[in-house]
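Dropping the structures in below, format is structure tokens.
Next come two complexes, and both contain chain A; in the first it sits with chain B, in the second with chain C.
And now, the complex of A and B:
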């Protein structure tokens, strides 16, 4: 991935945008100054009328996220608009724009007197320039850039005949019920009356000792008659490696189960017991496997957002970011949600916080996953001549002083048991009665020697294997031993491009940055018309 | 010669506005007060025909915020004012003939036509512009009306220039500078008219103040005797009042009125 700094032009930002819906309602096109597309553009000769007031500020992140992980939405605040002609009347009265898509595009001004400012929607070649240092000829272009794609929360009108567009980012789409598939309550596999209207369970990755949904005695047509049936996932799973009654593992069989046995139907996401249980029934499950079994953090999150919740399409997912996350965040993880209502956002937040990852909404409306501790080649470079201001900022309280030890729990127990059968092996009892195994620890002798206050950095890991939890702890330790520092840097470069999680390199004649340091972006704020980008970066160890 | 102000735009009061060979809601754009919301004509010719609904006094006509000159080709204009010919082609009241527009992209492509001899009475206005081989012509506003030709020219001490909306931040530590050009550094003029007559004080000046306020725009022509190129370059379209300010003239001495003007063009 590479970035190219923006041309030295000022920006009029426009909304080429919104309100295109199946109902074919009006598309509103507004701008900070009148913009008319070129005759051969799509759409041709179309006016974006001057209506927007003030600057547009795009922001994302929060330095605290570096220590917690979680989901980062893009904050866009508000866009002021003129309402002198009462253009907002219906938008305010009926809320016709609420929840609809909005796109913000930046148009570089190359020729101020053209109605497209020299930048048609299709972009334009400006000719070639010759770089004598490299001996290369380069084609220069001017293109509109999509600064933001999100959703309109609402449009309000003010007393002074102006209005405000309130905007949320694309991640808002995750605030929908996780599981749209509900039990019908008609009996059998659709559950009884008590389950009617409740969401079917969701299991992704490798989840331990979950409480499956009890469907009662059901004949699922396998020729073995009605048996006590449990659902672990609403559809096909990769497997159910263990079924327990009061903690006692049942023998898994492929035929007709009898007392002490269970038969798994992975294609249905269910299992049946051979007898009536005398206590809590739990199971380990290797979850959703329709179209393959994802088990990594990146894999299960992609599965959740594409198959459940908002059911995002491929164009709404940053495949490159997920591909990097696949490498940066290895290990088999698992998560489970029973027949209770929750949102997709809440489900995913638990997953990403389990290892300190960040789920980020990109400016262009795509969803990405990043590891804030990732290392790699710099995607952008900041030198002193590019920096308007650079100042240190405090690290999050949870990382001050730097923790001397990292602890990552593993093999989460989704149903801690208090009533276990006497035959449960003692080796299993500890985990079955706890919230998790572990933690896997990675302590730093270097930091231990340097700090007076000893603190621990803990993650409630979703890893199944101890080795994966330990590897994560060690990665965190290596990052801490690099002595991370945070800086707020303001520049006029890389506008429309910087996202949280991007890797860079900064050199500055102060704050011990003279020799340069690799950095990771954890927060940014871009003032579009002012052409200023302020980001908070954290240094990372040299690799 | 003295300066003049057009403060009652007859185009917005007209009963008929026709545009020929235009695309995409052009007529409405010509009535939109935002100059950057431009009408578009496909090809290198634009025609506007306006029916004012009755005889009106006119000696100032302007096409503002245009692409004339953008393409580097010679552009020409012909303006005709007619009394009864609804096609506007008679030009019996005023016919400029075909003359170069002398527009310049530095001046928003503004074209300002002034009838030096004073106003004529006409009902129909036909404005035809040809811009060489340009692929299109865009015009933001068409303005027409009677000029208030002031009895006194701007007093010495007036200032003309541009309001710098550009910004230029400096890193106080490294000294590096980070300029940001504005989309437009609008032209501006600061001037004073001393000794305006009693009739002007109770007539045009009072009417201008009442009609225009701080929300509407006027066309300021600093000298009605300027060449076409200088008319385009120095005439400004914009407000002459600011919200909250007291708009009016000062009775500095018997028998005249003094009016201070502070104008930044609207682009």
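And now, the complex of A and C:
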């Protein structure tokens, strides 16, 4: 006998599905030829109607990015769709799919007479064989590949009963305000009327001589009464190693500050001055530290896109690419944004361009960071039998003729000072009055000997330490001294996989590639149904 | 009593730290594939309140 009466039913401890899933969202399934999933697939026995017209082109990159760094969105050419039955009416009229997700999957045709072409959504083994020469057992499988995942910009209808699906560039996801947390303007730590509605400041990594936000006289409850208070970051920071008034360093104290002293509250991202300043107040800050202090380029970018701006989740970030970027792009960097509106894209573009890195959207819809000058073992090998066409292409204008010297600035000064106190030591004056320190230079005697036009390759480095800027300059010089050349290669191998930043090795009986050369992919275009991949690669020095 | 003699020591089943760190940082190797066959492209689109 149960403890409860027979009529008793447990309360539902699970929220009804209607409360947790968006209502009235339909998944439309279209294909280049009718496809029906197998009974044990997810979803089972589902039809993808034949509606897609023509081929699909996925492209990414730009050879010019190799010299500048920056952000590379992934593009999908327009997808043609049949509209003979007016199925696109609502999609066009009301924009019912705009801003929603699109997934493109490629299914290999193994058995043309079957309704799933021999490739179920879960994939299928096609048998095994044993290679006696290598002693390896080989299994053959057919599996669908996720070729692209992104957002729809809009769906349009044409006059000839066809339509077009237009895809948003992934980079648009970063075109959102960097800082969603605003000052309320209610006084105290929320700022006065003049700050109402303005974004709170953002400091990441080690940023030098920033202008903090002046909150006026505030009593923050530390038992020292109201004092002039400044905010360097909207939340906890790792530290504020220096506070300056008209360039003169204030003594940092842990008790009640008096004139010439400052007290830092790292957990609030603020500091207070002991007296009323007689000029510009600036500070060095080791920035955002809520949940750890990231200071490398990879760490800082990951923090910005996950905690601010688009607030990407772990599944939207390519952790492997960021792990390699951490190794390939070492050094403490810093960046700052005061209480002015800016986008996450603008903030990050400045950071990645400071050392020529590339922020790339992956085919699966995740965000990755790559160093185009990275070296390592080849991830793919192209032999002559795999290459349909291979032709040289010109290097970007900024790298032709090859620069003889690389210059990387370091310790950016976010507030160059014109009015400095007389007591500021002469050693500090030069940096405080200029835009940055440096540059750290790496000149090549080999290239100087060879080129007629002497060109310099300059990066506005975000590095804090000179040694890191110098290491980057030397890495660029080593890459230049390898004599990089660019090629456009067309192949029908490595389909659905190649991404910008991948490392490879190519052998070809022309263009002095007979002995083989290590390459890096900087641009690709894949025509999915035609099964052709055209990529632009740049050779890199042998490791 | 153990199945093994007294001198037997079990092999270390834990990869040394320096090896496992290196193993974590191996760039994914791509698969060349055979000569390509024909493919079907499937597209899935989410739409609000729309039917096919």
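Everything below uses one rule, namely that the second predicted complex is superposed on the first by the 515 of 543 C-alpha atoms of A that agree within 3 Å, B and C clash if a C-alpha of one lies under 4 Å from a C-alpha of the other, contacts with A are read in each partner's own complex, and residues count from 1 in each chain.
One rule holds in what follows: a residue touches a chain if its C-beta (ideal position, glycine included) is under 8 Å from a C-beta of that chain, and two chains touch if they have at least 3 such contacts.
Computed from a predicted model, the values in this text were never measured in an experiment.
Asks: I'd like to know which partner A:531 touches here: chain B for first, chain C for second, both or neither.
Replies: both
Asks: Is A:110 in contact with chain B, with chain C, with both, or with neither (first, second, both, neither)?
Replies: second
Asks: With both complexes superposed on chain A, which partner does A:509 reach: first (chain B), second (chain C), both or neither?
Replies: first
Asks: Just to be sure I read the superposition right, which of the two partners does A:399 touch: chain B = first, chain C = second, or both, or neither?
Replies: Neither chain B nor chain C is touched by A:399.
Asks: Scan A:323 for contacts with chain B and chain C and give back first, second, both or neither.
Replies: So A:323 only meets chain C here.
Asks: Quick check on the superposed pair: does A:351 touch chain B, chain C, both, or neither? Answer first, second, both or neither.
Replies: Once the two structures are laid over each other on A, A:351 reaches no partner at all.
Asks: Under the stated touch criterion, which partner chain does A:489 make contact with: chain B (first), chain C (second), both, or neither?
Replies: The answer is neither, since A:489 touches no partner chain.
Asks: According to the stated criteria, A:49 is in contact with first (chain B), second (chain C), both, or neither; which is it?
Replies: Touch status of A:49: both partners.
Asks: More residues of chain A in touch with chain C or with chain B?
Replies: C
Asks: A:29 contacts which: chain B (first), chain C (second), both, neither?
Replies: second
Asks: Quick check on my understanding: which residues of chain A belong to both its chain B contact set and its chain C contact set?
Replies: Of chain A, residues 32-33, 35, 49, 109, 112, 117, 386, 492, 531 contact chain B in one complex and chain C in the other.
Asks: Once bound in the complex, which stretches of chain A touch chain B?
Replies: 8-10, 12, 32-36, 39, 45-47, 49-50, 109, 111-115, 117, 384-390, 492, 509-510, 530-532
Asks: In the complex formed with chain A, which residues of chain C make contact?
Replies: Touching chain A: residues 24-33, 35-52 of chain C.
Asks: Using the touch definition from the top, list the residues of chain A that touch chain C in their complex.
Replies: By the definition above, chain A touches chain C via 24-33, 35, 48-49, 52, 56, 79, 87, 90-91, 96-97, 100-110, 112, 117, 144, 147, 152, 165, 320, 323-324, 327, 376-377, 379-381, 386, 492-495, 497-498, 502-503, 528-529, 531.
Asks: If we count contacts the way the header does, which residues on chain B are in touch with chain A in the complex?
Replies: Touching chain A: residues 23-25, 29, 32, 34-38, 40, 42, 67, 69-70, 105, 108-109, 135-136, 138, 140, 167, 169, 171, 173-174, 176, 178, 180-184, 267 of chain B.
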